[in-house]
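Multiple structures follow.
Each of the next two complexes has subunit A plus one more chain, namely subunit B in the first and subunit C in the second.
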Partner chain A sequence: MDLTPFLVQALTGLYKGSLYWILALGLILIFGVVRVINFAHAAFYVTGSYIMYTFYNHTGNFIISLIMAMVLTGALGVALEVTVIRRVYKLETIYQLLATFGIALIANEAQKLIWGKGVVYIPIPETLKGGVSVGGVILNHYMTLIIVAGFLLFIATILFMNNTVTGLRIRAVWRDPVMSEALGINTKLTYTLVFFIGTALAGLGGALTVPLISVGPGLADYLIVTAFIIVVVAGLGSITGAYIVSILVGVFSSILVLTIPELDIVVLYMIAALILLFRPQGLFGER
Partner chain B sequence: MSVDRRGFIKTLGAGVAGLVVGAVLGWAAKPSEVREVTRTVTVTAPAVERKLPKATVKIGVLGIRSGLWSTYGEFIEQGARLAAEEINARGGILGSRVELAFRDEQADVVKQARELVDVEGVDFIVGIDSSGNALKVGGIIDELGKVLVVSHAATHRLTEELVFKEGKKLIFRSSVPVYQDGILAAYIAKDLPVRKWAGINGDYEFGRVSWDLFTKTLKTLRPDVEFVVTQWPKFGTEDFTPFISALLASDAEALHTSIWAIELVTLQRQLTAMGGYKKFKAVVSTLGYSMDVAYALGAEYPTAELGTWVSARYMWLYPSTKINKEFVDKFKARWGKLPAYSAETTYSAIYMLKAALENAVSLDPDAVIKALEGMVILTPAGVRWIRPEDHQAVYEVPYGRIVHKGAEVPLLEDLKAVPAMLYYRHPPFG
Partner chain C sequence: MFLPPRLRVLIDGNIIALLLFIGFLAVIPLSGHRFYMYIAVLIMIFGMFAMGYNILFGYAGLLSFGHGLFFGVGAYSVALFTLNVYRDPLVGVLFSIPIALLTSILVGVLTLKHGKVYFAILTLALSMIFWSALVKLRWITGGTDGLTGIPKRGVLVDLSAPTTFYYFILVFFAAIMLGLYALNKSRYGLLLRALGANEDRLPFLGYSTFTLRMIALTVSGVVSALAGSLYAVFYSVVTPDVAYWTFGAEPLVMSLIGGSSYFLGPLVGALIFVSLTTAVARFAEYWMLLLGAALLAMVLFFRGGLLGFLESLVGGLKLGVYRRWRF
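The block that comes next holds the complex of A and B.
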C-alpha cells in the first residue's frame, strides 16, 4: 500500500493545524486570563488580513506589513478592551457574549465600508513561491513557513509564560485574580496586556493567511468554530494542549478528507462530543 | 434525463418558434433598452387609458447582503437599481414609478419575505441568491400571494418541483439553473481529450446536483470517461488545501468544479500553488466567469494546458448584440465595473415584470402570471423565453477558455454555445 497520499495529507493537515493554533492561542489566552469568551476574535483575525493587504499594497514589504497587522490589530483590541469589554468583566457571561458579538457585527460592517465587499489577497512572497513535490502534490514553501511559524510561536509562548516576570504575572492572574491583586499585581493592566497579545495573535493569523486564503468580510466566521472546539477539547487552561489538539485536528481532518470525504467534519465533531462527555474539563484541562 | 418524445418535440417547437420570433423582431427594431416582444398583435381601443391602479409599483429585492457572499447581494442590487432608474427616467411602467425595497436574505429569508409583503407592501419580489432560500420562499409563495422572479438561485427543484409538479404558479426564474453547471459543463467536457475526471463541489444542494448532472450527462455523451475522485467541501470553506491534496493524490486528468465566489478565488489560487495546474490538463469551472472571480484573479487566473473552461449565468461579452453592448456600457458608467451575471439576471427580471404589467394592465397576480407565461423578451443576455410549464427563462450562456490579453479582466476564447433547448431539461422532467 502506497502511504505517500497519507503523508501528503498529514503535511497539509500540519499546515492547517498550525493556522488553527494561531487562532486558538489568542482565544485561550483571553478566555483563560480575562475570562471573556471573545466572539469578536474572528473579526480581529479578518482585520489583521485587511491591514496586511493594505500595508503590503502600499509598501510591498511582507515583514513590515505583517508587523503592522499585528500591532494595529492588537491596538484595536486594547481600544475595545478599555472602552467596551472592561465594563462587562463582572457581569454575567451573557453580557460578555452580547458585547463581543456586537463588536464582531460592527467590525464586519466597518470592514465592508473600508475595504469593500470584494475579494482581496496578496501574492505569495517571491522567495517562497516554489515548493517541495511530494507524491505529485507541491507542499508550497509558504505552507511550510506557516508550520514553522506556528511551532516557533508555541515555543516562544511557553518560554514567555514560564521564564519572564510578565509571563509569571499573567499565569498568576490566570490562576487567581483576587489573590494576584492582593499581592500587588495590577490585574487591570494584565487584562489589557493579555487582550493586546490575544488580538495581536488574531491579527498575525489573519495576516499570515492573506497570500494563500482570499479575504472577504466575515471570512473567519466558519474558522472560528473549529478554533472554539479546539480550545474546549484541549481544556481551557492549557497552552500546550491547545497546540497539540490544533495539530491533531488539522492532521486528522485532513486524512479524513482523503479517506472518508463524506464524513470528515461529522467524525471530528463526534470525537469532540465524546471527549467532552467523558472528560468535560478537556484533554489537558484541570478539573 | 428522460424526456417524453412528443412532449419534448412540442416544447422544443414552441420554444424555438418563440426564440426565433423574438430574435427577428429584436434585431429589426434597433432597441435602445430592454424591450418586450409579444407574439400576437393586440388592437387596443384608443379611448381606454392604459394605467395601473397604483402610482407606484413596489418591488422587493432579496439578496445576500451580509457575510462572505455579500458581493452577490450587491450585484443583485446594482442590476435592480439600474433597471428601476432607467424605467423611471422613461416615465415608469404605464405611468407608475418603480420603487425598490431591499432586504438581506441571510437574516431569516422567510421573515424578510413576509415583511416585504406585509410591512413594505411590495407588489413583486425579485432576487434570491441561495438555492435553499429560494425553496423556502417558494414554499410559502401562495401565502405571500405575490409574483416572485428568482434571479440567481439555481436549484432545478424550484422550477421543476415547486412550479411544474406542485403548481406554485407565482414563481418564475430569470436565470439559467443548474443545467448550466451540470449538463452544459458535460457538453464542454465531452470534447476534451481526457478520460479521468475529478470533482470538487460544495456539500449542499447546488454542488451535489451540479456534479450529479455532470457525471450522468458526460457518461451518456462519452461512455469511456471515469470519475476517479470527488471532494465535497462544506459551505464556508476558507481553505481548500486538504481537499486539493486529496484530489491530486488521484490519477485524474481533469477537474470539474461548481465552487463559486470567494471560495473559487481561493480554490484557484491554492490549486496553482499546490501544482494542480501541472496535473490537470483541463479545468471546467462552471461559475468561473463570475465577475467577482474574474476581477479578483485578474492576470493570475490560471490556465490549464487544454483550457480553463468557465461560464456563468450571463457573461458581459456574450451575445454580441447592440442591446448587450448598451447594457454593459450603461452598467459600467453607473457602477464602475463590468456587470456580474446576477446584475443582468435581476435587471432582466424587472424588465420581464415591466413587460408583463404593460401587457396585463393590472397588478393582479393571475393577470401578471398569464402575461409572463410564454413571454419572449429581448434582454442583454439574449432572447429569453419564459417556458409556460415551469416558468423558467430559457436562454443560452456559453462556456469559454480563459485567455489573458492585458484587458481589465481575463477574456474568453473558443466560446462554445449549445442551444438552450438542447441542454435545458424539459417537462415533465423524467
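The block that comes next holds the complex of A and C.
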C-alpha cells in the first residue's frame, strides 16, 4: 500500500491545524480572562485576511502587510471591547454571546460591502516558493513556515504566561478577577490588553491564511464552529490542550478526507460529541 | 364574567390578542391578494418556529444555536417521507412529529447535562453535524441541491389551491399557539419559567432540572420541526440551508426583537422580522448588517424587546397583553 497520499494529507493537516491553533488561542485567552465567548472571533480572523490582502496589493511587502493585519485587527478588537463588550461583562452569559453574535453579523456584512462577495487571495512570497522533500513528498516552504510559526507561538505563549510579569497578571485575572483587583492589578486594562492580544492573533492567523486558501464570505461561519469545537474538546481554558487538539483536528480531518470523503466532517464532529459525552470538561480541562 | 374560576384564569390579554390575530389571519385570503397570503404564511411558519424556540430561550433560559437542526429534521422528514413512502403532505407533516420527538430526546441527552455555555456550543456543533450529513449524504438527501417535488396534492388531502393551503397552515398555527398558551398557563409552564428565573432553587423544591429542561427542549424541538415540515410543504423544496446554524439563529433574533420574556414576544418578532426582510430585501442586499446592528442595540439598550419597550412607555397602562416572565 502506498502511503504517500496519507503523508501528503498529514502534512496538509499539520499546517491547517497550526492555523486552527492560532485562531483557537485568541478565543481561549479571551474566554479565560475576559470570560466572554467571542462569537465574532472568526470574523476578526477573516478581517485579518482582508487587511493583509489590501496592504499586500498596495505595498507588495509581505512582512509589512502581516504586521499591519495584526495591529489593525487588534485595534479593531480594542475599539469593540471599549465600546460594546465592556458593557456586557456584568450581564448574563446569554447576552454576551448575543452581543458578539451581533458583531459577527455586522462584520460579515461589512466585509462583503468593503471587499465584495468574491474570494480574495495573494500569491505566496517569492522567497518561500520552493519546498523541501519530506519522505518523498514536497513540503512547501510556506507551509513549513506556518507549522513552525504555530509551534513557536505555542512556546512563546507558554513562556509569556509563565515567565513574565504581564503573564503573571493575566493569569491572576484569569484565576480570580476580584482578588486581582484587590491586589492592585488593573483588571480593566488587562481585559483590554487580552482582547488586543486575542484579536491581533486572529488577525495574524487570517493574514497567514490568504496565500493558501481563498478567503471569502462564509469562511468565518465555518471557522467559528471549528474553533469552538477545538476549544471545547480541549477543555475551556487549556492552552496546551488547544494546541494538541488543533493539530489533531487538522491532521485527522485531512486524513478523513482521503479515507471517507463522503463523511469527513460528520465523523469529526461525531468524535467531538462523543468525547464531550464521556468527558464533559474536555480532554485537558479541569473539573 | 360568568366563567368558573378554573376557566377564568385562562383568559388574559395574551389569549385575546392571539385570538384577534388568528381571526385577522383567517380573513386575509378574502382580500384575494396572493402577496399578502404569502407573507402571512411565512409569518405563521416563522411565528411557530420562534414561539417554539422561545420555550427554550425565554422560558428555560437556554440559548440554542442549533435550532436549524430541528427545523431541518422536520423539513427533511416530510420530504423523505412524502417522496419515498407515502405521497401525502398531511401524513408527512404528522410523521415529522415522532421523528422530532426522538431527535429532541437524543439532543437533550447529549447536551443538557453540561451547563448553559456548553449547551450553546454543543447545539451549534450538533446542528453542524446534521448540516454536513445533509450535504454529504447525497444519495439520500440530494446534497446541496436538496430535495425537490414535495407534493402539495396527496392521496388524502389536496392543498394545491393557495387558499386551501393557507387554511391548512392556519389550522396548525392556531393549534400550536393555543397549545403553547395552555402550556404557558399550566403548572409546567410555571416550572419552565422558574427554570429560567432560578434553576438552583428548583431541586430544593423537589424538581429535576434535567427533566424540566428535557421537557422544554422536546416541546421546543417538536414545534420547530413542525414549522420546518410546513415550510418544506410550502416551498416544495428543502435544501441544507435550513439546517445551517445561521438559519437556526433567526428565531433567536425574532424572540429578542419581540421580547423573549413575553409570551407573544416571538410572534411579534416574527411578524416584524418577516415583514422587514421581505420589504427590505427588495432594495437592500445587506440587510443582515441592519439585523446585526438591531441585535446589538437590543442587547445593549432594549433587553425587553419591542414589547418590553412598549411596556416601559405605557408603564401604568397594564393591559395584560404583555406579561413579564422574569421579575
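By our rule, the second predicted complex is superposed on the first by the 278 of 287 C-alpha atoms of A that agree within 3 Å, B and C clash if a C-alpha of one lies under 4 Å from a C-alpha of the other, contacts with A are read in each partner's own complex, and residues count from 1 in each chain.
Everything that follows uses one rule, which is that a contact is a pair of C-beta atoms (placed from the backbone, for glycine too) under 8 Å apart; a residue touches a chain by one contact, two chains touch by 3 or more.
Everything numeric here is computed off the predicted structure, so don't read it as measured data.
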Overlay on subunit A: subunit C relative to subunit B, clash or fit: clash
First, second, both or neither for A:Asn186, with subunit B first and subunit C second: neither
Which superposed partner A:Ile265 touches (first subunit B, second subunit C, both, neither): both
First, second, both or neither for A:Gly13, with subunit B first and subunit C second: first
Partner chain in contact with A:Asn57 - subunit B first, subunit C second, else both or neither: neither
Subunit B versus subunit C as contact partner of A:Asp221, first or second or both or neither: both
First, second, both or neither for A:Pro5, with subunit B first and subunit C second: first
Which of subunit B and subunit C A:Thr127 touches, first, second, both or neither: neither
First (subunit B), second (subunit C), both or neither touched by A:Lys112: both
Subunit B versus subunit C as contact partner of A:Tyr95, first or second or both or neither: second
Clash with subunit C (superposed arrangement) - responsible stretch of subunit B out of 76-84, 130-138 or 382-390: 130-138
Residues of subunit A contacting subunit B in one complex and subunit C in the other: 108, 112, 221, 262, 265
Residue ranges of subunit A in contact with subunit C within the complex: 37, 84, 87-88, 91, 93-95, 97-99, 101-110, 112-113, 221, 225, 228-229, 232, 236, 262-266, 269-270, 272-273, 276-277, 280
Residues of subunit B defined as touching subunit A within the complex: 66-68, 70-71, 74, 230-232, 234, 236-239, 241-246, 248-249, 261-262, 265-266, 269-270, 273-275, 278-279, 292-293, 295-296, 300
Sites on subunit C touched by subunit A in the complex: 57, 61, 63, 110, 113-114, 116-118, 120-122, 124-126, 128-129, 132-133, 136-138, 244-246, 249, 252, 256, 286, 288-289, 291-296, 298-300, 303
Subunit A residues touching subunit B - in the complex, by the definition given at the top: 4-5, 8-9, 11-13, 15-16, 19, 108, 112, 117-121, 123-124, 131, 133, 135-140, 142-143, 209, 212-214, 216-223, 253-254, 257-258, 261-262, 265
